[in-house]
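A quick write-up on the structure given underneath.
All chains are identified by letter, namely A, B, C and D, in their written order; residue positions are counted from 1 within each chain.
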């Protein structure tokens, strides 16, 4: 038996490493670093992310909680080293600041980021002290944690898939294929889109935005298949599944909304 | 000094009473039942809710945590009696089931409710055992808790307002008035809409839907004014303000989505 | 299925009522107010507590979470009214302070109580605002919560018993009887002592102390029978059963220590 | 501003490393690995622990949450490598079990340890899967966490000291010296005892026990100096400081009791 799953992540974007400790897993779950590395690699893909697959790839290292390929019931330590660390050792040194010319401080807060609020909250004059942790790089640790969670869910026949339904105003059409086909197509698509026609238009929209020095927003859908009835509970506000899911999504960087089922379309449907 | 605010609610829809216990308030906060009753009354308003203001109104009773009009620092007990309780004493008796003809069980689960999942999760054969707690009546207790929270926020100059921006496909236009005027208009509107033209169209849409035996969804906006910089934190996933807000909203009955700022429109904006 | 059991209590010693809300119980557990009242009555017994069984007895009232004698899976509300409340309505009024001569403030902090620290922490000038909540009267609500927990444990064949092993330096001898006999004797004893000889000496010691205007400390032992192997866990510091038990005990008023098994005697055993 | 301090530890006794992640620290706290290493070294001392100071000493490595000697407000990662790891890489491999002759399983549960309960709870046949985490080696990570906490407390003028008051039935006499002198003496003593006469008798007792193939229990006292009034709170059971302290102590391996102030002596005092 495990307990209630909980985890903490740590790590700066250009620091030595990202770390996650996960408590509450059951014993006897088959788990390898490869189970997690697949998701880490997927996280690094995406059209327009530098024009080509990055040469470097994140790799998780498990240093606790697993023995001979099986979880022990004890907490897991997951570490993902920042491969660029050797170039940042001075700038991001844990110890004394580098002698001589110190790396320049970041002093101009970017709009739409945690820069200003973070600097005010924590009293930082060098915004690097904020952005190193507020960076979306942190999600790397959460993707690793999620890889472990997916292994556990897999034992119960529960699988998770996701696909992009909208980018820059381009929406997919109705997908009249099984979910497994949606997954397959999304995995094969540079923009994780399961609708070929929309995919082409999305790529065009990205190219246009890029040429104009802009970026685009989008929408993705996450589907959990094989869930048992009765997850979460209606009996207390903080046990409701919808709320817990919305929290998880809206804690991801740059995500500005979460819907369950029909979502906001329920509000727009004419009577 | 108070602690971390936390609360639990209890109570069935047709049971004796709804109760909330709130822990973590500071001492010395001026608080009366009237501070809370205003919000409870507002909760019971709404166009189409039976055609007229309900004669009965919810009233909170404070039985702990306040003395001589000031909080003590100790936990609050808030109780809202169900005024219909005397007609339900047998059906909802805590003690032995009523002798003779027992009230009929509810056996047909309603779609879109917790009925089926709840009955399966908790092993209930009488769906009344689910719907009595899964009912939106529970939000009465949370509105009372929120009334206390708003009193506390008020000490810091923080105020909360809300208004309806869409019902059944009818959207408001751009509101070029101060937020206090939005609040004033929303409070005066039967559908809590701050745009007169849209308000009329919303009421028509509701009337049409009602005549057709249907209901409509909608969208509302909540605005917090006077917040200090730096609430929440970017340093750990579960301390992010966006996630905490989304969780709070999506834990409300029938709410199927939450957006922060631009929300989903950010995904639809053409490049 | 239930969730993780959690509860909050509220209520002042001379306020209207003590309240507890319990979340996380499973559905279908047989539970009556009588199940709880037995423990409440036992809490009010004790040699030297006014010389005779108090005429008034605490009675719990369940107003949520139970229907027709079975838990619903939803939260329980337990209320124990303070029977003396009508004499304290002015002194402990939730609303405006009483007109005319206000009840006198308590201004002399008692040593060994929360009076001084509480008044400083919460900024109270009238120590009544502290002692009303710091009073051991609060344990009444916890005894009620524990009554519910014992009903749940009973379904798994787990029973809890306790007996007094020392009062004012008088210790019991070795009890070479079955635990059920210890329980029976303790229940029958005015000082909850299962050793007849020690019981007499304890009563004498209490009488002597009382005559001298003093009180005595003591030690009691709590025994859980029928526990399954593997409660708690060694994998994370805050899941260790010993720590959780010690916390529960040391959160009770006037309890200054907790031991598991041999306890401090392990430190005194000569090599 | 920081948040509520919380931490998780991970790591097996002969695994690669022990790790702790700490969340909730404020920014701007001066912190070096040396601040923590002092406590780690002290943890490894103790009379009879092999007859001489161990050559190897635990060293913490900070890989997140600190920059240029100051905390960032973001979570800390503390890692203490197990120096013996290279000899245990096969036995404790995270990946596939070693080819050829697998290291022998541990199948005889030791009394007084988590071996049996842990194996039953988690379904382990090789007790090594239990003892690697239930080992007191885990406290190394907690000592590191405590080192950080002590740095934070130091900013408020709060200091913590401890000394041994009893070993194997040998008790110290009354210490009529200032606490700082108690600390100084305890630090200088092989058995952390501030009473010279008792110290000699304790060492004799240990030697005797050792010669007889036995071990001894003991008692230590922890003192916090400079605490502000009002830590913890009487308003809710789980916020009481006594309970939280007792939990922390009784979560340490082999600790079987915790007392506050007079403790159990209050029960033994004759009237």
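The rule is short, and it goes like this: a residue touches a chain if its C-beta (ideal position, glycine included) is under 8 Å from a C-beta of that chain, and two chains touch if they have at least 3 such contacts.
Model, not experiment: these values are computed from the prediction.
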If a chain touches chain B and chain C alike, it appears here: A, D
Interface residue overlap between copies chain A and chain D, same or different (over half shared): same
Distance-maximising chain from chain A - centres being C-alpha averages: C
Approximate Å spacing (C-alpha centroids) for the pair chain B, chain D: 47
Centre-to-centre distance between chain D and chain A (centres being mean Cα positions), rounded to whole Å: 35
Inter-chain centre distance, chain A versus chain B - centres from mean C-alpha coordinates, in Å: 31
Touching two or more other chains - residues of chain A: 1, 8-9, 23, 73-75, 121-122, 133, 230, 233, 235-236
Chain B-facing residues of chain A, complex: 8-9, 114, 116-118, 120-122, 130, 133-134, 138, 142, 166-169, 205-206, 208-209, 212, 214, 216-219, 229-230, 233-238, 240, 242-251, 255-264, 266-271
Chain C residues within the chain A interface of the complex: 1, 3-4, 23, 73-75, 230, 233, 235-236, 239
In the complex, chain C residues that touch chain B: 1, 6-12, 15-21, 23, 26-28, 32-33, 62-69, 72-77, 92-97, 121-124, 129, 132-133
